[in-house]
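The same subunit A turns up in both complexes below, where it pairs with subunit B and then with subunit C.
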Partner chain A sequence: MIVVRLGWRNLWRNSRRSLITIAGIAFAFAFLIAMIGLARGLVVQLLRNGTELMVGHIQIHDRDYLPDRDIYETVGNLEGHDWPRLLERLERHPQILAVSPRVFGFGLLSTGEQSAGAQIIGVDPRHEAEVSRLVDANALAKLRPGSLLLGVTLAQELNASEGDEVAAVTQAADGTLGNELFKVAGIVRTGLAYLDRSVAFSRIDDLQLLLALEPSRIHEIAIRIQDPLGAAEVGRQISQMQGLPTGIVVQTWRDLLPQLSEYLELAGGANAFIIGLVVIFAAFGVLNTMMMATFERIREIGMLNSFGMRPALITLTIMLEALFLALLGLAAGFGVGAVMMHYFSVYGLDLTRWTGQLTMVQARVDPVLKAAWNWNAVIGAAISLCVATLIAAYLPARRAVRVDPVEALRAPVLQ
Partner chain B sequence: MMCRNMRYPIVTLLLILLGATSAPFGQPSQKEAREIIDKVDRLLRGDSSLGWVEMTVATRQWKRTTELRIWSEGTEKVLVRVEAPKKDQGTATLRVGDNIWNYLPKIDRVIRIPTSMMMASWMGSHFTNDDLVKDSRLIRDYDIKIDFEGTRDRVEVYEFFLTPRPEAPVVWGRIIYQIRKSDLMPISGKFYGEDGQLKRVANFSEYETMDGRLVPTRMRMSPEDKPGEYTEMKYKELDFDVKIPEKVFSLNSLRGS
Partner chain C sequence: MSNSKTTGSLLRLEGVSRQYTQGEETVHALRDVTFEADGGEFIAIAGPSGSGKTTLLNLCAGLDRPTAGKVWLGNRDLSELNRHQLARLRLEEVGFIFQAFNLIPVLSAEENAEFILLLRGMAGETRRAKIRALLKEVGLEGLESRRPGQLSGGQQQRVAVARAIAAEPKLVLADEPTANLDTETAFSLLNLMDRLNREHGTTFLFSTHDPRVMQRAHRIIHLLDGRIESDERVAVEQA
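Our next item is the complex of A and B:
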């Protein structure tokens, strides 16, 4: 215990120098907290915009369905599957918040002289509203049998407005030209220009009829879960469920949005690099302080040595002094960091003055970036700072202890 | 081209005398190559024609045969109407110039095919809407040269090498056309994409005389990327230079009224 008291007292022998070092560590930690928080905020936001728009967090397909979206490659192959039952079972999983069955077709939409190719997505309005926010729930609710929702640019191209009649023609699964008339139930803005230009929504059964697919045949089940970062584990659990249709694959957003996944990994790497850099700078500050502190006490250390105090205890005293420096710095830094985090998570960092409207890695970026706590990274940064401080203190401590006591006692008194 | 022909005045003269239908002597010039291709190109069309075709489309999942009646005039006007099976009866396509309309009897709607859908399948076949528009313009859009002349599979053939002209609005990077030397009947066409990959192969067979003309009555088109799939057109009847009333190539007639 004497060692702890010695360390603590030593800390305040040159209080100004110690305070400056503490301030340095505090500043470094506060900076790291804010940076980690903003980086996490961007991750959360990109993930939310990337997955919640359409993809969801997990998808189930036939293994040959992607990337060509061949209409024959339905879940459960040519026979299809009792998918409503599968949906119920999926919904019972504690991590799964919502599921949405989908059918995809590509065809020609026409109002006579005006025609345009479009991807028609067959959805169940109630389920779809819970998984994606490509189309808002109010518009989806208007999707009555025999109707379509048109992307806004597509509607302009077709010169169609709500209530108009649109003919849909497609290559059906039985080789015939599938053709049906639909009523335009609404015009939707997805926020992504290419979707507004190319996408129309219908009800699953209407699209199945157009494509001559049996009611048991759907192409995709999209799933939203509680923690998107835990999608791999949930995906594994789904794959292990009993009685799944044959030949399916369960993929997470990491497989489905590889660009987003790669970006997040890259950003994680960049973060670690910056954290490392800041920690090293802080460590040099501590090294400097502790070198000064030990060399000016070289006489005293030599004396303790000659009194028979064990070198290990002397080293421990010096390192404890450094640990106090680090802990005080971290505490102060956490206080400042928490205030910054509060500001950034409530008001956010307005990016518009630098970027304007922005799309990044298949996802929309909101103009105001809001920070989010990433406790693992914050704790990791704190531990890194402590360890770096201790290493920085150990080097001068070891040297000081090894100095011959006789030499040490001859050293000039600096204080 | 003129200069080159002038070096072989006798050959040129003979060709003019014999007409382009007879087999030319020696290696044909670029001009003659163009004439041969043009002739092959016009073979199934004439100035105007009226045909009855059985179209069989085979894909991995299904195989269907429909019977089509085809009216054509010049290079710009075609009307195709499905006559059988009953389910598709009345479905029709009209092409005038670069425009294509489809008529769907079930919903009783005429639909114009937009430019963006030109590469989409025509009536569920392996042909695209674009094929319907571009098929008759080989000599306008391509530079043509003889690539090979000799025996292939014990048949004397010419092989023509067609490369698109710089500004030509075409989808092929090159076409290799094989034509029987004895009677200038087409044997096969190989269509390559702009990346040099073989995209589809057309094979002609069952050469028969129809309305006084020797024509290949069976044509099978196989897309390279879908092995085993094909679209086959078999001419059951073909009449040339029929007088077709102008109103046949109208939207009203497309509707079958």
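Our next item is the complex of A and C:
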């Protein structure tokens, strides 16, 4: 098509100017790719540290269980539920990577004369290792029947070591005082001081026994999914599954960690603002180039008009020139951006010099920020740059085709 | 108001005036110009600079509108056509040759020559065959792939002539087509236009202020200060 040929060749009439503009678009796009990638890297890290430590991406509870963690409010109420079957059904969901049942209890742990209050979390070691990173899988594997893992500070307070015996006393669900003797299977570091000071892990059936809960009664099912940002949709699909126990709620990490969710929303807004600013700056560069290009060719545009070329076709020729400008800029920018992304995803952006150790919204942040691709945002930025370029070209194009052809034909030839 | 008037002539101007405002001054580019041109004529619009030649050609093409009077092309009153209809009319019925910088610099001679046919949507093979033949006819065989910058002034004007007549328009308007050419090249171009006029029956209306060029016309309309001073048919001098 002649307009495509004209648009492409017109681009190279002033190759230096076109290359500078292409470089401008390329720089803007490469910057956006890197910025979006680093922002996504931060999000991934915050999400991972915020959710994979303990919370998971989705949790199922009885609707009255949180926030007090009342031991009576189990999944399926007092009757409980065939949760192993529920776990199997959940595991068949294509988005779900792992599920972990949990029981929570609070009690007093003691070793001889030392005692301390603790939260005891009953877990299935194999399942838990696939959902959370609070305790490492090797430590969880040591959890034999009748054993406990102790947080490192708690163990120090109790003066307990691996192999020692610890007595646990708690208020049981049947109104009695539950008490059991456990063997310390290991000392664990969670990375979070308040947990190291207060948490102990047991097998789920041991804790059910201590709390006088029937084997069908658990407090929580934690779920890890493929895409944490798609948790709302997976949560909705879980809620609609047939045969779920009555009175349960399905909550995503956004419900469970509202601060993290709000921070990510805010970060997303800030990113969109920066993308918008960069796109506007790039558009001004294109506007300048296209204004000069059309001004220089005003006589030629008058000539095309005199031949009977429709104004819309003349406009299209100019717009195509701008589109080629944008596409070349985007291609070059993508190349540079991909190299930057590779570097930042492998080596990261080291902020140690400026920040030291960082904690954001209760999640630890590694000061060496690793980038991660966010294709939707990258494609969005590319489309925004393209659209902005076309808008920037449309303004001078519209102005040029509206010039009186007689005036245009009188214009001096500049190029 | 009627949109048509059967006159029998190809081009008809009736009481056409065109005035511009330049600062506080009113410039009368054309005053009460009336003439008709029949199909197959080879007409020179002669006159000194500022006599209104270019304005007259612009009005004939519908690029400009008269302040008073009417212009008919065939049986169409140009004053009643909108911008898009005028563009369509020019595409289908009018060919243009300008004084200089006639060609699109980024297109080859062949692409420039076929430009109007492309806009008219003529199929590829037919179009290319026609343009190759036409370029051969205007003496540009072998130069088809050259860009305007690689052609001499005379060769560029020949490409412009080929483009102007490629779509077989009823009327070719040429604004001082020989002004930037040396005498030999100018006559060569005029010979070409003359031959195309005789062989294809295309009507040529061209402006000039060069007496040697005027001599080649079959009819000379003299303009002075925007008025027709004389309209004479001359004996045809064979090239």
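As a convention for this text, the second predicted complex is superposed on the first by the 406 of 415 C-alpha atoms of A that agree within 3 Å, B and C clash if a C-alpha of one lies under 4 Å from a C-alpha of the other, contacts with A are read in each partner's own complex, and residues count from 1 in each chain.
Criterion: a residue touches a chain if its C-beta (ideal position, glycine included) is under 8 Å from a C-beta of that chain, and two chains touch if they have at least 3 such contacts.
Keep in mind that this is a model prediction, so the values were computed, not measured.
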- Query: Are subunit B and subunit C a fit on subunit A, or do they clash, once the structures share the same frame?
  - Reply: fit
- Item | Vertex subunit A; arms to subunit B and subunit C (CA centroids, nearest 10 degrees) | 150
- Touch check for A:Thr176: first (subunit B), second (subunit C), both, or neither? first
- A:Gln226 contacts which: subunit B (first), subunit C (second), both, neither? neither
- Task: Look at A:Pro311 in the shared chain and tell me whether it touches subunit B only, subunit C only, both, or neither; answer first, second, both or neither.
- Result: second
- Query: Is A:Tyr72 touching the first partner subunit B, the second partner subunit C, both, or neither of them?
  - Reply: first
- Message: A:Gln259 in the overlay: touching subunit B, subunit C, both, or neither? Say first, second, both or neither.
- Response: neither
- Item | Three-chain overlay, closest Cα atoms of subunit B and subunit C, distance in Å | 80
- Write out the stretch or stretches of subunit B touching subunit A in their complex. 57, 59-64, 87-88, 91, 102, 104, 106-107, 109-114, 116-117, 120-121, 123-124
- Task: Provide the residue numbers of subunit A that touch subunit C in the complex, in ascending order.
- Result: 2, 5-6, 9-10, 12-13, 299-300, 303-311, 313, 405-406, 409, 413, 415
- Message: For the complex, give me every residue of subunit A touching subunit B.
- Response: 72, 108, 110, 112-117, 167, 169, 171, 173-177, 179-181
- Given the complex, residues on subunit C that touch subunit A span 58, 61, 63-64, 83-84, 87-92, 94, 96, 98, 100-102, 104-107, 111, 115-116, 118-119
